[in-house]
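Pasting in a structure now, in C-alpha cells, and then I'll have a few things to ask.
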Amino acid sequence: MTDQHEHAAVSNRAHPEAPARSSGIAVIPTDAVANPGFPPERPRVTDLDPKVEKAQERRIIALFFVSIIGSIAAIVFYIVFPIIPGDMQSVRNNTMFVGAAIALALLAVGVGVVHWSKALMHGHDLVEERHETRGSEPTRERAAEIFTEANEESGFTRRRLLRNTLITAAVVSPLPGIVLLRDLAPIADPVPLLKHTMWAKGTRLTRDPSGTPIRAADVTLGSAFHVIPEGLNELEHGKLEEKAKAAVLLMRLKPEDLHVTPGRETWGFDGIVAYSKICTHVGCPVALYEQQTHHLLCPCHQSQFDITHEARVIFGPAKRALPQLPIAVDDEGYLVAQSDFTEPVGPSFWERVL
Amino acid sequence: MTNEQPKRRKRGRRHPLAMVALIALGLAGTGGAYALATVPAGAETTSAVSSDLVAQGEALFAANCATCHGLALEGTEDGPSLIGVGAASVDFQVGTGRMPLAMSGPQAEVKPVQFTTEQIRALAEYVASVSPGPAIPDEEYLTGEGADLAIGGELFRINCAMCHNVAGAGGALTEGKYAPPIMGVSAAHIYEAMLTGPQNMPVFNDDNISPEDKANVIAYLKYLETTPSVGGASLGSLGPVSEGLFVWIAALGLIVGITIWLTAKSN
Amino acid sequence: MTSTATPPVGAPQTPEEPGKGMRFVSWASNYIDERTSVSGFVKFIGRKIFPNHWSFMLGEVALYSFVVILLSGTFLTLFFQAAMTPVHYDGSYAPLKGVEMSAAMASTLDISFDIRGGLLMRQVHHWAALVFVASIGLHMLRIFFTGAFRKPREVNWIVGFLLFVLAMAEGFTGYSLPDDLLSGNGLRIIDGMVKGVPFIGTWISYLLFGGEFPGEDIVGRLYMLHIMLLPALVIGLIAVHLVLMVVNKHTQFAAPGATQKNVVGSPILPVFAGKAAGFFFLVFGVIVLVASFVSINPVWVYGPYDPSPISAGTQPDWYIGFADGMLRLIPPGWEFELWGGTWSFNIIVPIIILVLFLVVVAFYPFIEAWVTGDKREHHIADRPRNAPTRTAIGAAGVTFYAVMWAAASSDIIATHFRLAVEHVTYTLQALLILGPIIAYFVAKRICIGLQKKDREIALHGFESGRIVRMPSGEYIEVHQPLDAYERWRLVSYESYQPLMVRPNAKGKIGFWQNFRASISRWFYEDRIEPATQKELDEGSHH
C-alpha cells in the first residue's frame, strides 16, 4: 500500500527535528483547540496548616507502630497457637492468627507509607520532557556504520559459502538436543498399550477399592457397582495406569429396558451390564448413574450416555459410546469378563482405528 | 373460682360471676375426665403399640399416600409401587420431608416434614408389614463408634462424590435434576438413602457397601460436618468457581479501591 | 511549572559537621560508585516522572502479587516433595491416615496440617496466583481500551501478552503439583486433549507423562517447569517489560499541560517510590488477609488422585476456565474416522478457537496500525469512548471470553439457578455467537452517545439545574460553561476518517487498498469529531 493516498505527512509533535511520520487517516483539524497549559495549583491542607501536617505525621508514626506490633504479634501467635496434631481447630487458629497479624503489619505499613507520600511529600506534579524513541540521526548513522565496518572486517556478506555453512551449522546444532528428549517415555510403542486393558477371559469383576469379587446375585435392580479387575490391587507397578483403562461401572436394569444390538446378546447377564467408566471425550470417570432414567453423566463436560442403548451419547461433546465389557457368570456365581474390551477405551487418539 | 372481695349486694348463686364459675367448672371437669381417660393408652405393651402403629400407619397411608401409590401399595400412574421398599425407604422419604411430593416428577425436594416421628414410624411399620424390604438401620451403624474414617472417605469419594461433591455440597444431574447437599442430614437418613436408592440415586445394597462400610461412610460425613474448615471460610465448598468469583469481586475489588485512594489527590 | 532541576537529594544543607550516619552513607555511595558507575543510573532514574491514575497501577498489582508468589513459593519448596512414589500417609489428618498416595500429596498434607504457617503459606501462594493472573488480565484490558499498545509500545504489548500466557502456565503447573483428585482430573483432561491432536497426539501424551497416563513422572516434570523454567522466563520478560516502559516512558491521559512531548506526574524519588512501596505492602497485606480467613484448594477433601473417583463440580482454576468451557460447548458427535486416522474435532475446534482468540489479542495493535496507517508515536492515552470501534471490539472480545469462562461452571449455574444443565449449555452456545455481536453494537452506540454528550457539554456547558424565567416568559435552564481546563479533556482527542481510495498510476485500485478502505470505513465511518476552536467561539456567543 502506498502513502500517497493518505493525508500529507504531518510533523511528528514529539520532536521537530526528526523526520515527519505519516499520520495515516487521522483528522488533523486546522483550528484544533489549544492546550490551556497547567491549571493553578491547589495546595493541600498539610501544605497550608502546619498543625494538620504535624497531626498527619503523628498518625503515620502511629501506623508504623501498629505494624511493629503486628509483626511481633505474629511471632507471639506462632508460639501461642501451636498445632496440636489431630486438632483441626488448632490448625485453623494458627493459620488465622499468624496470618491476620502479618496482614495487619503489612497493611499498616502500606497505609502509612502511602499516606506519607500523598499528604506530606512534595505535592506538586513535575514535568519531564519526552524524547523521540528513535535514536538521533548521528547515532543511527554511527550504528549503521558500525555494522558496515564489522561486515567489511569479517567478510560476512562477502564470504557467502562461509556464511551459509555457519548458519546451517547453527540451525542443525540443537537437533541432537531435541532427539535426546525421546527417552522421556519408554521404548515401547504406546499404541498397543492404549488398545489393551487388564481385562481378559475369566477375570473376575471386583469392588473398587477393596478388590473383593462380585456375585451376580449381589447386583440388584438399580445398583451401581464401581469395578476394578481382579489382581489390580496386587500389581507391583502400573496400578493407576491399569486402573485408568480398566475402571468399569456395573449396573442392573430390567432386561426389557435394554436395547441390545445384534452380536451383543450375551454380553450382559439378566440385565446386568458393564461399561467402561472412562469417558470417551477426554477421559474423566463417567460415573453419575441415574437409576430411573438410566442416563450416565460425566461431570467434567456434561457428556451423557444412555445405558438402555448401549451407552450411546445423547448430549455433550463426546462422540463414541462407552465400550461395553462382555461379562458372564462363572460356576461359583461370580461375575467374570468374557474377554478384554473389543475397542480401545477412553479418549480418542489418532491411531485408534488403525 | 371464688369472689375475691365480699360483695355488698349479691352473693352466692345470684352473683354475676357465678355463671362464669359454673362454665369454668364444667370445662375443667370434662377436660380433666377426657385427659384421665386417654392417658393410660401410652403405657401399653410394645406388641400392642406395634399393631396399633401399623393400623395408624394404614390410616395415614390411605389418607396421604394412596392417591399416588395405590391403597394396596400397587402403584398408580402418578407413583410407583411400594411393594418391597421397606421401612427404610419410608423413614427416609417421609422423614426428610420429600414425601408427600409437592408435584409428581423425578426430583423429590427436601421440604418441611409433614408428620411427627411417631407417625413416620407408623407409616414405615405399615409399609414393611405389607411386604418386607430394607429395614431401619440399627443404632450401632449410626453412632460412628469404631468407624474407620479412611475407608469411609475412600468409599465416599468413589461411590458418592461424583454426584454429591467431595464435600457433600451437592451437584447437577441431567435434565434439571440434582443430587442434594448432604451436610446436616441425620445418620439414619444417610444410611437409608444408600440402602434404598431413592429417586434417581443408585441402590447401594448391603452386598455393595456392607453395613460396616456404610457406618464408615456416615462417620466420614459427620467428621466433615463437625470439623471446622482449617483454611477459613469455605465459600460453599464449590471449589475453583467460588474461589475465582471471590478473587474478582472481593480481592481485586478491594485492591482497585486501594488504587483509587492511592492516586487521588490528597485533601 | 517547576522543572526537574531541584537540589540533589541527600546532600547536607547546613554548614555543620555531617552526622555519623551521613558520613557512612557518603562513604558507601562513593565506594559503590567507584566500582559500578551507579551515580549515572541514579541520575537517570531518580527523578523520572510517572503520571498518576489509578488504572496505571494495575500492572503493579501483577508485579507485586508475583513477588508474593515468589516469597511464599520459596517457603513451600523447603517442604514440598515433587515425587509420585506411593507412600502411606502418616500425618495428622485423620481421614487420610494410612491411605496410599503420592509423596507429593503427602508432603502437601504435611505442609497443611503439621507445619506451623504451612497452610497459611499455601493459601497465600494460591490466592496470590489467582490475583496475579486476574490483575494481568485487568491490566491488559486497561492497555487495550486506552490504546496504550500503539507505537512505540507494540513490542511491549507482545511481551505482556507472553507474560499473560506464561502466568496461566505457571498457575496450571502449580495447582497440579499436589496430585490431588481435582488437579489430577485436570491432568487427565489435558491428556485426553493432547491425545486428540492428529498425527502426533498419542506420542506427545506418551512423552509428556513418561508412558501411559498417569505415570510417575508428570509431577516432577511440572515442578521443574513451575519453579525453574517458567519463573526464569517470567522474570526475564518482566525485566524487558519494565525496561521498555522506562525507555518509552509511561502514557498519560489528556490533561491541561500534558502533551505528546512531556510527562506530568510524580518523580520516582520520593513520591512515586513511596506510593509504590506502600502499594506493595498493601497488595501483600490484602493477599495475606484473604489467605488468613478464606479457604482455598482444600486438597484433603479431594483426596489423592485416582482414575476412578471424581467430584461433582470439577473445574480448573478460573484462568483456565475459558478452555474448559469451550470444551463443554461443543455439540455432540464431532469426531470422524477419515483416511485411517481419528479426527477429534470436539477437541481440535476448541484448540483452534482458543489459539485464534489469543493470536487476535496478540496482534491487535498491528491490525489497528495497518488500518489507520498512523505511524506517529502516541503517548496520550485514549478515553475508551473516543475510540468507539476499538472499544466495541474489546467489548465483543471480553464477552466472547466471558461466555467461554461461564460455560466452565455450567453445572454449578444449573444447580444454583435451578436450571437444567442442558438448557444452560444451549443458552451459552447461542450467546457465544450472539453475545459478542450484541456487545459490539451496544458498546459502540454507548461510546458514540457519550462522545455526543461530551461535545454538547464542551460547546454549551453543563446543565446547572438553575431554571431562569426570561422577561419574555420563556423558561431556560442555565448552562454552566466549562473553563478551558475542564474543557480540554473533552476536546483534545483525535479522530480518524475512513481511507479514500484513489486509483494508482495505472488507474487500478489494489485489492489490499480496497480491503483496507472497507475496514477503515467500518472503524471510522460513524464518528464524532472533537469540537474545534471555531465551534467553541460560535457556541459561546449564545
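Letters are used for the chains, namely A, B and C, taken in the order the chains are written, and counting of residues starts over at 1 for each.
Note that a residue touches a chain if its C-beta (ideal position, glycine included) is under 8 Å from a C-beta of that chain, and two chains touch if they have at least 3 such contacts.
This structure is a prediction, so every number in the text was calculated from the model and none was measured.
Visitor: Using mean Cα positions as chain centres, tell me which chain lies farthest from subunit B.
Guide: Chain centre farthest from subunit B's centre: C.
Visitor: Grab the C-alpha centre of each chain and report whichever is closest to the global C-alpha centre.
Guide: Looking at where each chain's C-alpha mean falls, the closest to the middle is A.
Visitor: Could you put a whole-Å number on the gap between the CA centroids of subunit A and subunit B?
Guide: Distance between chain centres: 41 Å.
Visitor: Could you work out how far the Cα centre of subunit A sits from that of subunit C, in whole Å?
Guide: Centres of subunit A and subunit C (C-alpha means) sit 16 Å apart.
Visitor: What is the distance in Å between the mean C-alpha positions of subunit B and subunit C?
Guide: Chain centroid spacing, subunit B to subunit C, equals 48 Å.
Visitor: Which parts of subunit B, given as residue numbers and ranges, touch two or more other chains?
Guide: Residues 154, 158, 162-163, 171, 174-175, 179, 229-232, 262, 264 of subunit B touch two or more partner chains.
Visitor: Of all the residues in subunit A, which ones touch at least 2 other chains?
Guide: 91, 95-96, 114, 118, 208-209, 226, 285, 287-288, 299, 315
Visitor: Residue numbers in subunit C touching 2 or more other chains?
Guide: Correct list: 52, 94, 112-113, 119, 123, 275, 278-279, 282, 286, 291-293, 306, 308-314, 411, 421-422.
Visitor: Give every residue of subunit C touching subunit B within the complex, in rising order.
Guide: Touch list, subunit C to subunit B: 52-58, 61, 94-99, 112-113, 119, 123, 127, 130-131, 134-135, 138, 181-182, 275, 278-279, 282-283, 286-287, 290-298, 301-303, 306, 308-318, 321, 408-409, 411-412, 414-415, 418-423.
Visitor: Give the list of subunit B residues in touch with subunit A in this complex.
Guide: These residues of subunit B touch subunit A: 106, 154-155, 158-159, 162-163, 171, 173-175, 177, 179, 197, 199-205, 207-208, 227-232, 261-262, 264-267.
Visitor: Write out the stretch or stretches of subunit A touching subunit C in their complex.
Guide: Residue positions touching the partner: 1-6, 10, 12-15, 21-29, 31-39, 78, 82-83, 85-86, 91, 94-96, 98-100, 102-107, 109-118, 121-122, 124-130, 132-133, 181-182, 184-186, 190-191, 193-194, 208-209, 226, 228, 238, 240-241, 243-245, 247, 277-279, 281-285, 287-288, 299-303, 313-320, 346-354.
Visitor: If you look only at subunit B, which of its residues touch subunit C in the complex?
Guide: Residue positions touching the partner: 149-150, 152-154, 157-158, 161-167, 169-172, 174-176, 178-179, 220, 223-224, 229-235, 237-241, 243-248, 250-252, 254-256, 258-260, 262-264.
Visitor: Going by the contact rule at the top, pick out the subunit A residues touching subunit B in the complex.
Guide: 42, 44-46, 88-89, 91-92, 95-96, 114, 118-119, 123, 207-209, 215, 217-226, 251, 285, 287-293, 295, 297, 299, 304, 315
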